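Letters A, B, C, D, E and F name the chains as they come in the text, with residue numbers starting at 1 for each one.
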């Protein structure tokens, strides 16, 4: 326990986390500090490209092992399955309507790539290696949760729209294409390709992450301010309990398929994190009756900061404990 | 021949080319991946500044030789002359109207700075030196082609507008000013200046180029999708034949004035490439009756990818062959 | 005297200054070269974050000494006091109305962070160390001048609005929050934090500064062109005399409180420079009757280039002379 | 100068719906439209601003100039898309040059 | 399709005043508005363009659809904010769908 | 509040023509205008979007409020620039505050 807090302590005084905190405070204090939308989008493209590329290079260097397919499979199972658990929890813990609960559930089955990136950074800082293909697992986990959520709504008689067009949009959404594409480029060009562009995608990576998290803090803070009173205590509790539940399941699956310590932590982080990019856009189309400020506040305002500060160290400690046991 | 393909092969698996391919595929698959306009413009400013500056430093380091003036002269001759050849070819190979043909011709007399940058990168990767002032040649080749095209239209009785105001606009357009200005700054501050900012303009250069080419791929792919059916087979053939014709003339001139191998290749690339930034904007003002989707699709959708993938290796092989002969 | 010119000479041929000159010339020649607003804002966020962070790290490394509090106090005195001097000078030297004079005075009590950054770069280039906390002094000098100016207007019977809401806005404006926040992050994470992100905030810093100054040049040039005829000779003279007056007072205070040579120069630069970000926005709200093109042209079109080219070397020479004496 | 009577329809709609709306308009016989960016706004579902967004969020304004006789078809098409979503539709009387374009 | 009479008010105002204006509108009972970015313009105080700006400068356009009977309250509120500043206010007759929203 | 009759003219035009248009307007006695960015659109010359652009491409919307008696001069000036180009011109009846500004 003290170990977790020590871990969380070191984690908390990193420039990355402090940048997030700065953004959060600035927004809560109603400063007019903002990062232009285009710059924020540019940074997220940079981060996705870099993380995908490095993942691909890692796979090209260490080769594909049987665990790769198992991990992809685990990712699919998690993304399809977690929304069902989230939905059940939400119906128990909160008074949300079926539609709202399903929309929130979709977010928790999907993933937050920034949380994943922050965890990767933290592992690197501690010299804990992880399978490079976890990036690919992240990519496959983006979309399936949306299907589960729509199924939940359809089952309950309310209509949720899943036109084939929407399906295509979800699967080919920018983040997935960029992540998978950069992964492929990294896998094809390997260490040689990395050497050519590492001064761009490796060295400045953490610094860019700081500014990006500053923006995430600003957005999360503004969201929290605007949604004051929208959320009950039950919903907030869900947004902290669900990551822990997800991480536990991720831990089990990760150990089952024989991932390394780092790989297990990343699978836990993927399970624990909630989407706030791809899924909200899909929900606006597929479940327009669901209230966006509920799912955005939970995912971005509560779960994201929780994972970033306490969650990741907890997952690492749990994985170390389980691996040691 | 096999050598060219081997060369093209290594060229094709570079992160730069693969990034372009990723963008192209994403756009053709109708992914919503986009790079914000402001970020794309920021990257192009970065690339122009960096390439200009490095060219200036190279000149300050190696000094100005008599070939410099000859090269500038060759650039002017090419930019004025290539549109005439392009126009003749277009009238033979396609059914385009005189105005459309003239507008397309203007693009092929001018240059694509990104193709130039990609060629520079490729030469650097192969340790082939080139005259630093080729950047200045690139700058002088941007505009004259527009005059030739307007002359072609005027000659045929159709009116093309060349107000003095437009002339000023073309000569002082942002790309030219930035390229020439950065070149001057590089020439003035020399190696010392470069040392101060090389961590910005040298090390991350290739990585930025990757993201920029990702965007070019997206734009080219979207253009191809939207202009389906606009272009006949003759026009597409022109967009591949013309670069080869241009490169051949560039090769002859380059050898005549005694450029190094790298310099010859760059002059070939300048001759072979077609503008898609400065010239289209000028054409909208000067030849509004010309159809933009024709010239943009040919230059950006056909010639640009051709040069990037097959063209540059072919020009290098041809130059090596001619130099060896 | 010759020494100053030699100093100014070396200062003038740096890529930073030449980039500014390029922008100025491009704008005066009415080139369409522009840096997208989002990119310019992104660069200014980068610069503020980097300069704040490095300042914080410096403080964490060398510790807080008693001079810190004295410097903060000096900054407050300068920012409150300089507008009174500026106002008096303006009433003597120009025919500006009381409101316009007060608005201009507010700008000269506040600071230009880019001038500060350029001075820091210049000092680093000459290996002259300066107190890291001068960044904090810069931050405290941003706002008080606005209060003095409003007091000047209120005193003269004309009403200037200082609602509490405006007060909050000024104190929590983006630049101040980012500068102070990054300073705090740097102070907390120290050298270890810097090591993590120095490839982002240290190495490319000067290069980014070049592009940013290119944009400042463009903006200053466009401003000068548009405000032709707005300003009398007296106002222009003020914009050069006032920095010298401010720097002299800064020199005296800096020596009084025992700053190092570098620290003295930076305090002089802060005193001499005039705001063109925070203060203009505040003036639009608080003194809408004041003419923005007067204060923007003086601060950005005259004082900024003066400080950048001649001012900084003069201040350094003066500080060296005074310290030697 | 010769002008022609037309209607100007302005639809403020969520960005993820943009393509669906323009497809519906095109199917309803609309021959042209212009899309403007929106920085922020306020309505029944609260305040929002483009700065507070990640991903493809926010709203856009779609402006359509059409012949009056086509208004009803356009409104039906637009309403089908907008119905369950946040956003507003407004119509103004206008006049246009070059009627052959509409 | 059933439409309802409304007024469309468009206010071009300096960006630093934006929040003050929207607050005033809200207090005057306006239930919604949309904010559009502005690239540049020209008026009595000269030409300007977003490119020539540093910081929170420039202008925005605030568009308000309201019931006609609320127009006067809105104009009074807007005028109080705009009065001493550069900017323009224009009003057009419009029609809206879904009257319950206004 | 006292309002005055005016015309609101909206011109959607290619960005490279922007300065030519505003110069022509100024010469025709127009005292002010506002320029709005455009994200994309569709018309006789097909669909386009700002994302699919390199360089100074795309379109802008120029909005002009003028006294009715100046409308014809404005339309003539605008038409001379727009004539051979893609783009649309629409006119709406409007009212403005502060008539002395127009």
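List of remarks:
Here is the rule we go by: contacts are C-beta pairs under 8 Å (C-beta built on N, C-alpha and C of every residue); 3 or more make two chains touch, one makes a residue touch a chain.
Given the structure is predicted, the values throughout are model-derived calculations rather than measurements.
Contact with both subunit A and subunit B is made by C.
Relative to the C-alpha centre of subunit E, the farthest chain centre belongs to B. The chain with its Cα centroid farthest from the Cα centroid of subunit A is F. Centroids built from CA atoms put subunit F at 19 Å from subunit E. Averaged C-alpha coordinates give centres for subunit A and subunit E that are 39 Å from one another. Centre-to-centre, using mean CA coordinates, subunit C is 34 Å away from subunit E. For subunit A, residues touching at least two other chains, in rising order: 32, 34-39, 42, 203-204.
In subunit F, 36-37, 49, 56, 92-93 are the positions where the chain touches two or more neighbouring chains simultaneously. Applying the touch definition to every pair of chains gives A-B, A-C, A-D, B-C, B-F, C-E, D-E, D-F, E-F.
Interface residues of subunit B, counted against subunit F in their complex, comprise 34-35, 37, 40, 44, 174, 216, 218-219, 222-223, 226, 276-278, 280-282, 284-285, 288-289, 291-293, 300.
Residue ranges on subunit E touching subunit C, taken from their complex, read 14, 16-17, 20, 45-57, 84-85. Those residues of subunit F that touch subunit D in the shared complex are 10, 12, 36-44, 49, 59, 61, 72, 75-76, 79, 82, 88-93.
By the touch rule above, subunit C contacts subunit A in their complex via residues 36-39, 41-42, 45-46, 49, 53, 168-169, 172-174, 177-178, 181-182, 184-185, 188-189, 193, 196-197, 199-201, 203-204. Subunit B meets subunit A in the complex at residues 13-15, 18-19, 22, 25-26, 29-39, 42, 125, 203-208, 210-211, 214.
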